[in-house]
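You will see subunit A twice below: alongside subunit B first, and alongside subunit C after that.
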Partner chain A sequence: MTDPVVSVSDLRITFPTLEGRITAVNGISFDVPAGGAVGIVGESGSGKSATSLALMGLHRGTNAEVTGDITVVGKNLATATDGQVRNMRGNDIAMVFQDPMSSLHPQYTIGNQLIEAYKVHRPEASSADARKRAVESLDRVGIPNAAKRINSYPHEFSGGMRQRALIAMGLMCDPTVLLADEITTALDVTVQAQILDLLDDLRSDLGMSLILVSHDLAVVAGSVDEVLVMQNGDIVERGDVRRVLSSPEHPYTKSLLAAVPRVDVSRAQRRAQVRAERTQSAPRGLSAQAKKALKAKAARQAAAVEDESAQQRTGATAKPEKSAESAEQPLLSVRNARMRFKVRGGLLGRASDFYAVDDVSFDLHQGETLGIVGESGSGKSTLSRMITRLLTPTSGQIVFEGRDITRLPEYKLRPLRRDIQMIFQNPYSSLNPRVTIGDSIGAGLRVQGESNTKEIQRKVQELLERVGLEASHYNRFPHAFSGGQRQRIAIARALILRPKLVICDEPVSALDVSTQDQVLRLLDELQDDFDLTYIFVAHDLAVVRQVSDRVAVMRKGEVVELNDSDTVYEAPQHDYTRELLAAAPVLDPVEAKKHRAQRAELRRQSTAA
Partner chain B sequence: MIRYIFRRLAAGVVLLLVVTMVVFAIFFLVPRLAGIDSDGLAARYIGKSPSPEAIAAVKERLNLDEPITVQYWEFVSGLVMGQEYDSGTDIIHCDAPCFGYSFKTNTEVWPQLLERLPVTGSLAIGAAVIWLVAGVSIGVLSALRRGSLLDRAAMMTALAGVSLPIFFTGLVSLALLSYYWPIFPPGGSYTDFTENPLAWAHGLVLPWVTLAFLYAAMYARLTRAGMLDTMGEDFIRTARAKGLPERTVVTKHGLRAALTPIITIFGLDFGLMLGGAVLTESTFSLPGLGKFAVDAIRGSDLPVVLGVTMFTAVFVVIANLVVDVLYAWVDPRVRVGA
Partner chain C sequence: MTAPLDVPGAAEEAQPEAVAQTGGTRDRGRSLGQIAWMRLRKDKVAMTGGAFVVLMALVALFAPLIVSLLGHPPNQWNREMIDPALGTPMGPMGGMSGEHLFGVEPVTGRDIFSRIVYGARISMLIGFLATLVSVVIGTFMGIIAGYFGGWVDALISRLMDIFLAFPLLLFAMALVGVLPDAAFGLQDNALRIAILVFIIGFFNWPYIGRIIRGQTLSLREREFVEASRSLGASNFYILRKELLPNLVAPILVYSTLLIPTNILFEAALSFLGVGVEPPTATWGGMLSEAVDYYDSAPNFMLAPGLAIFLTVLAFNLFGDGLRDALDPRTQS
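And now, the complex of A and B:
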C-alpha cells in the first residue's frame, strides 16, 4: 500500500466574527489514497468548502485560523513556506471551482488563462509549447474545435463549456490530485452528467486522485469510492460509498438520504406518505375533522398506490387526483402560445427572430399540479411569465377561467393578479432587503384595496404561522432568515391573496436537500388546505416527479412530451426525455455505473450516426 | 471591433451636432425667449454705451433679425466652412473652423484658442500622469492593506484632498514654495516646452501637484473601492489556486478588472480639463483656456465665451469616444453588445 496523496489529521478551522470565533471545521481527519476518489458531502455550513480551501492553503492571508496537519503529496502545509504552497497549487493539487462564470477572469481569453496556469509552474516552457498544451487540455475535456476556441473569452462559452475549461485549467500541469468543489451545482442535468463522466474518465486515464465536494449525495454516488458525510464541521459518517448509501448508520446521513428527491418515487406515493405523516404528527391548529378528512384522503391514496403496483404501472394509472373534474372547464388553458424575441446579430446588426416559447398548448384543471421540466434556455420561465402576463405572448391565447386574458390591458389585469401568483427561485434576491417581511407579504393586500392596517397584520401573521414561521417575525427584515425560511416567506407572499393558481418557478433549487424537502412538503400541505392549482417549473427531474400530476418536458421552446407524470418517467415517449432521465443522478452507486455506461453508449451511437 | 468603432464615431458626430444646438440655444435662443429683442442682444456684443449704428452693424453681421433657423445654419456652417460677417458696408472674414469673432477685441476666436491650448494641455497632461500614478497606486495599496495605518492615513489625506478647494491648496503652496522658500517660480510664469523643457516643467510643478492632489484623492478612493470588490471575486481565488505569485494575482488579475471603470471616469475628467482647468489656471495665472474663458466672462466678451464652451464640448465628446473604444479593447464583453 502506497502512502496516501492527501492526508489530513485533526484539521480545525475557525473564523473570527463579531460574536466571537466560529468553528467551521472541528478536528477532522481523512486520507485520500493514490488514484482513489473521495467524496465530501454536506449541506451549507457543514465546513466542506472550508476544508477544500484548506487543502489548497487558500486560508493563508485571511482571518481564518487553521490548525492540525495537512499533507499533500508529501508536503506538510502547516510548515511549508508561501513559495512552497504556491508551487504545490495547480502542480500537485488542482482545484476546480463552482460557478464557472465568476471563477474565470472575464477579460482574458480562455487560452491565456490556461497558458498562465502552465507557465507559472513550467517557466522554461516555450509559449508555443504552452499553447499546444492548452489546446490538448481543452480537447481532452471535450471542447470541440479546441485550437480555435482557445482564443474565446469566457462569456463566449456556455456554462458547461466554462466548467470544462476550468477543469482543463486544472489539468494543465498533470496534478496528482484534482479537487472539485460543487462543480456541477450550476449546471443542467445532462451537462452535469457529462462533466461527472469526464471526471471519471480522467481518473481512469490519468490515474489522478479525485476529491469531489458536493451537497448532493446523488452527485457523488457514481463517482467516488469513499464518502465522508460532514455536519457542522464534523465528519459524522464515513465509509465505502455503497455501504453509506445503502445502510447509513448515522441519523444525519439517514435524514439526508431520506430528503433526497428520488426520481423513482411517484407523486402518488409521496403524497400518501406526506398525508399519513401529517395525520400522525397532528399539526397545530388543525381540527379533528380536518385530520379525519386527511386520513381518508391518505387512505384513498394508499389504495391507489397499491392499485397502481397491481397494474404493474402501465402508465395510465396515476391520473390526477381530480380526474373527475377534467371534463369540466379547465382553470387555465394555454393555446398555441408563442413568444418571440428579437436577437441582434449578424454583420449589419440585423435582428433575427428567436422563439423562446414556440407553439405551446395545454389545459390545467383545478387542484392539479403541472410540472414543467427543461434545461436552461428551454423557455420554461418565459412560459410561466406569459401565463402570469408579466410578458404578453406574441401569438396564441391564455385563457383563465374561461376568460381570454392574452391581451387584457394592465388595469383589467389587476383583479386577476389576485388569482394568479408566483413564487420565484432565488429567495435572497426576490425579497426587498429594506422592507420588513410583514410589509412584503402585506403589500399584495394593500394593492388589492385592503387599507385596514390591523386587518392586514392579522392576516399576514396568521399566514406566517401557517407556513411554519412565527407571528412575531412580522417586523423582521429578510436578512434575519435562512434560505428555507425566506422561501416560506415567498410562499406566504404568494398565498396572502388566496390565489387559485400558483406558479412556482424553481422554488427549491437554491436550497439544501433537507430544506428542499420541508418546503416541498409545505407546498403539498398548502395545496390540500387551500385547494391550490400549481404549475411547478424546475430543472430537477426528481423534484418535479414528486410534486406533479402531469409533466411537460420542454426543449428549445417546445413541449416535446406532455403526459401524466408516471408515464413520462416510466415510459418516456420522446428521445429527449430519455436522455434527461439517463442523465439524472441516482443514489445507488451500482445503478449510477449502469447509467454511465448507458450514456457512453448513447454518445457512441450519436457520434457513429 | 471595427463596426463598434464605426458606430461610436457616428454617435460622436451626432452628439457634437446636439452640442452645437444646445450651445447655440443658450446663447441665442434663450435670451430671445426671455424677452430680449435683437437690439438688446446685439448691444451685448459691443462695449459699453453702444451707438445705434454699431448695434445695427452687429445685428446685420450676426443676422440677428433673421429667423432662428437661419442663424443656426450660419453658426454651424461657420464652424465647418468659415464665415463672413457682413455689416453691409464692410465684411469681416473668419476662417474655418470659425469659433466666433470678438467684436470687442476685433480678433477671431479660433487662433486664440489654439494659442492657449498648449498651456492647458501641458497642465492637464502633467497633472493627469501624476494623479493616475499616485491615485491608483495609493488606492491599490490601501485596498491590499485594508484597515492598516497606511490605509487610514491615505484615506484621511484623500478626504482632505477631495474637500480642500484648489484656490486654497494652490495659494498655500505658492505662498510657501514660491514666496517664502523660493524653490519654484511665482504664478503667471509659463515657458513654452519648445523653448526650454526644463523651465517648462519647473514652472508647472506647483500647478500640476495642486491639480493632481484633488484628482488623486478621488481616484485613490475609487481604486480602493474597486480593488476591494475585485479581490473578493471568484476569479481571484482561481488565480491563487493556480499557484500564481501574489503580485501577479494583484496586478494582472485584480488591477485589470478594477481599472476598467476608472478608465471611463478618467476619459471624461481629462476631456473636461482640456477645455480649461479654470480654478488652477486662475490661481496660478496661467494663460490657458480656463483663464481665457474667465477673462472673457469678466469682460462680457460673448463670442469668446461661446467659442471656449464649444471647444470644451468638442474635447469631452472626443474623450468620450476614446473611452468607449478603449473600454471595448480592455473589456471584451463590451464588444458583444456592440
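And now, the complex of A and C:
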C-alpha cells in the first residue's frame, strides 16, 4: 500500500472550562490510506468533532490545546505556519460541515462562493476558468442545470441541494481528502441516502480519500472501509467495517450496535423481549402482583409472535386479535382533518393556501401505538399539534372518547388536557431553563387545580423515581441534566396527569443511540404500567417499526399508507413507502451495498419514465 | 430478513445514562443564578463598578450621618471662608482642608463635600425610581406585545414609536415651567421629584419594552410554552410562571444600564434649572452654578462632574459585566 494521506499520532486535545481543563481527545492515532475511506463513529462528547477540526488545523487561535502529530499529504500540521495551513485547507483536505443551512453565506450566490473557494488557492486562474470549474463541480454533485443554478442564492436551494453545493465547494480544488462531519444529520432519509451515494460515487470516480464522521453507525456502514469507534476521547475499537459491525470486540461497540434500532425487528419481537427482560431482572419498586401480570403479558406476547410467524409461514393473514378490538369505540378518531396555512409570496405578497395536513383520517384504539413516519414538511408535527388542540384544524373532526373536541374553547378543553398529553422533540427547549424540574413536572397538577404543595411534591417525586431519576432531583434546574435525563423529565411531566393518550413528537431524535434505546424502553414499560395509548411521530423508520402496532406514512400532508406495522415494512403498498425503506440506512455493509444498487435502479427508472 | 433479536448488552433495565458520565467535581444542583455569580465574581472590572455603586448607595442612604461626622450642613453659608473682595474661596485649592474636604463654593462658602453627598441622594433616588417606573411599564407592555402578537403587538409597538419620538427634554421644561407649588397632595421638592420621576420613567419605558418584547417573541416559540399550554395552563400562568423567570436576566441588565442614563438625564434637567429647586443640592445644579467659576474655583466644577462621571461609569461597567455573566453565550 502507498503512504497514508492522513496520519495522526498521539493526538491530544484539551479545552479550558470553569471546572478546569477537560480532555476532548485523549492520545489517538490513525492513518487514512490514499483512496481509502475511514469512518469515525461516536456519541456526542466522544471527541470526534474535535478530531476533525484538528485535521483542518481549525483549533489554531482558540483556547484548545493540541499536542501530537498530524500529517496531511506529507505536511506536518504541528510545525506548519498559518499560511501553509491555509494553503493546505481546500487543496489537500476539504471539509464539509454539518449544517447546510448555516454553512453557506446568504448574501452571495452559490457560484460566487464556489469561485471564491477556487480563487483563494489559484489566484492566477481567470474568472472564466473559475466559473467553468464551478459549473463542472456543481454538475458533478448532481445539481441539475448547473450552468443556470450557479447564479442562485442559497435560500433558493433545498437542504439536500445546499449540502450538495457544499460538497461541490469542497471539490473545487481537487482535494486529496474529503472530510465530512455529520453531513447528513440535518437531512431527511431519502436525501441522506442520495448524499451518501454521491460521496461513494465521487470516491470511486476521483480517487479521493474520505473521512466520514458520524454518530450513526448505519450511516457509516455502507460508505467506508475502515471504522474507528470513539468513546470519551479514546478509540476503543477499530478495524474493517464488516468485521467491526458483525463481530465487535469492545463492550462499548457491542452496546452501541445493540442500541441501534433495526428496521427488520418488529414491534412484537421487541416488546416480548423487553417484557421478558423486565421480569427476569425483577425491577425494584414493582409489586409481586405487577410482576406476575407482566410475566403473563410477556408470555402472551411471545405466543402471539410465534403465532404470527406461523401464520406467515402458512401464508395466512387473518388477525383475530385485531378484529375483536375494532368492535369497541376508538379512543381517538380523526376524520378528514385538514390544516391550512396562508403563505405569503409572489407578486404583491399575495397569500396563497398551503395545506400542511390534508384530509387525514384514522382511528386509534385504547392501548395501541400508532406510528406516524414522514420526512420534514410532511405535516406530522402539525397533525400531532392538531390532536392536542395546540392548533385548531381548519376543517374535519377530532373525536376523543366519542366527544368532538375539534372546536372546543380553551376553558372547556382544560379538563380534557388531563387525558391527552404530548412529549416534545427537543428536551433542551421543552424544559424551562429557569424553573426547577420539580416545578416543571408539577405544573400540570397546579394548573389543573391541585393546590396542596406537599401532595404535588410527593406525586412528582414518585414519578421521578419511576422514570429512572431520583426524588432528590426535585429542586434542580434542567441544565444539570443530560439530554436523555431531560427527556425522562419531559416524560414525567406528560404523565403526571395520568393521561390516556400520549403523543410523542420525535421523542428520541435529538438523543444519542444508546440513550435513545433507553428512552424507548422506558416508554414501552410505561405503556404497560399506565395502560397508555401512544401516537409516535418520527422520521426514523426503524424506531417507528419497533414501537408501533400500526404505521401511517405521511407525505406532503397526506397519509399515503396506513396499515399494520409489519405489513407496511414487509409488504409496502405505496411507492413512496418503498422509496423510504430503500433509503433507510442499514447496519450490514453487504446489505447496504444492495440497497445502494436498488436506489440506483429506482433512480434510473424514474429518469427513464 | 427477520433475524432473531439477540442483543448482548441490553439485558438490563432502562437506566439513566448520565449518572456514570457526570464524573468530575461538578456540582449539579447549582442554579443559573449561582453560576452567574461565579462568573461575575471573576470579572474584576464589573466587581469594582458594583462596589462603587454600592458605596454611592450607602452614601446616599447615610448622607446625614456622613455629613454630621465629616462636614458642615449642605445649605449652611460659610462666609468666613470667602475672600470678600473677589468672592472666591480663601486658602489653597478652593479652600480644601480637613474641615472642608472638597473645598467650599465661591460667594456662599457652602461645603462642597456635603453638597455632593446630599446630591447623591437626589441622583440615586430619581435614577432608581424612574428606572423602576420604566421597567414596570416596559416589562408589562413588552411581554404582552410579544406574547399575544397580532393587533395587540401592533398597537403597543406604535405606541412605543410615539413615545420614542416625543421631545422629552422640551416637554419636561414646559411641564416644570407651568407647575404649581403644590399638587397631588405633594409640594415643593417632593412634588418636583415626583414629577421628574414621572417624566423620566414614563417616557423611557419603550427602551425596556422593545427588549422585553423581542425576548418574549423568541421565548414564546420555545417548546416549554407549548408544553405548558398542553397541560392546560392559562395565558396568565404562562406569562407569570414560564416567561417572566426567563426575563429576569434581561430586566436586571437593562435596569442597571438604564439607571445611569436616568441619572444623567436628571443632572441635565437640574443643569437647565428645571430640576429640583435650589438650594437643595443636586449634582447637575452644582455643575450649572460652577460654570461661572471654572477658572477661579475649578474644584467646584470638578467635584460634581467627577461624581456624575464615576457613578455613571460604575453603573455601566457593572451592567456590562452582569450581562456577560448572565448570558450563556459569552465565554469567559
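As a convention for this text, the second predicted complex is superposed on the first by the 597 of 609 C-alpha atoms of A that agree within 3 Å, B and C clash if a C-alpha of one lies under 4 Å from a C-alpha of the other, contacts with A are read in each partner's own complex, and residues count from 1 in each chain.
Just so we're on the same page, a contact is a pair of C-beta atoms (placed from the backbone, for glycine too) under 8 Å apart; a residue touches a chain by one contact, two chains touch by 3 or more.
Nothing here was measured: the structure is a model prediction, and the numbers come from that model.
J.: In this superposition, which partner touches a larger number of subunit A residues, subunit B or subunit C?
T.: Tallying touched residues of subunit A, the top partner is C.
J.: Looking at the overlay, what does A:Ser247 touch: subunit B (first), subunit C (second), both, or neither?
T.: neither
J.: Just to be sure I read the superposition right, which of the two partners does A:Leu58 touch: subunit B = first, subunit C = second, or both, or neither?
T.: In the superposition, A:Leu58 touches subunit B alone.
J.: Quick check on the superposed pair: does A:Glu19 touch subunit B, subunit C, both, or neither? Answer first, second, both or neither.
T.: The second partner, subunit C, only.
J.: Check whether A:Asn76 is in contact with subunit B, with subunit C, with both or with neither, and answer first, second, both or neither.
T.: Touch partners of A:Asn76: none, neither subunit B nor subunit C.
J.: First (subunit B), second (subunit C), both or neither: which does A:Met88 touch?
T.: The answer is first: A:Met88 touches subunit B but not subunit C.
J.: Tell me the contact category for A:Ser103 with respect to subunit B and subunit C: first, second, both or neither.
T.: first
J.: Report for A:Asn151: first if it touches subunit B alone, second if subunit C alone, otherwise both or neither.
T.: A:Asn151: touches no partner chain.
J.: After lining up the shared chain so the two structures overlap, which partner does A:Ser395 touch, if you call subunit B first and subunit C second: first, second, both or neither?
T.: In the superposition, A:Ser395 touches no partner, neither subunit B nor subunit C.
J.: Give the list of subunit C residues in touch with subunit A in this complex.
T.: Result: residues 1-5, 7-18, 21, 24-26, 28-32, 38-39, 222-224, 226-234, 237, 241-242, 245-246, 248, 332 of subunit C touch subunit A.
J.: Within the complex, which stretch of subunit A touches subunit B?
T.: Per the touch definition, subunit A meets subunit B at residues 56, 58, 61, 86-91, 94-95, 97, 99, 102-107, 116-117, 120-121, 153, 155, 166, 169, 347, 349.
J.: Can you check the complex and tell me which residues of subunit A touch subunit C?
T.: Touch list, subunit A to subunit C: 18-19, 45, 251, 254-255, 258-259, 262, 264-266, 269-270, 273, 277-278, 280-281, 283, 309, 385, 388, 390, 413-415, 417-418, 420-422, 424-426, 429-435, 439-440, 443-444, 447-448, 468-469, 475-477, 479-482, 484-485, 488, 490, 493, 497, 514-515, 517-519, 521-522, 525, 570.
J.: What residues of subunit B sit close enough to touch subunit A in their complex?
T.: Going by the criterion above, the answer is residues 3, 233-235, 237-246, 248, 253, 256-257, 260, 330-333, 336.
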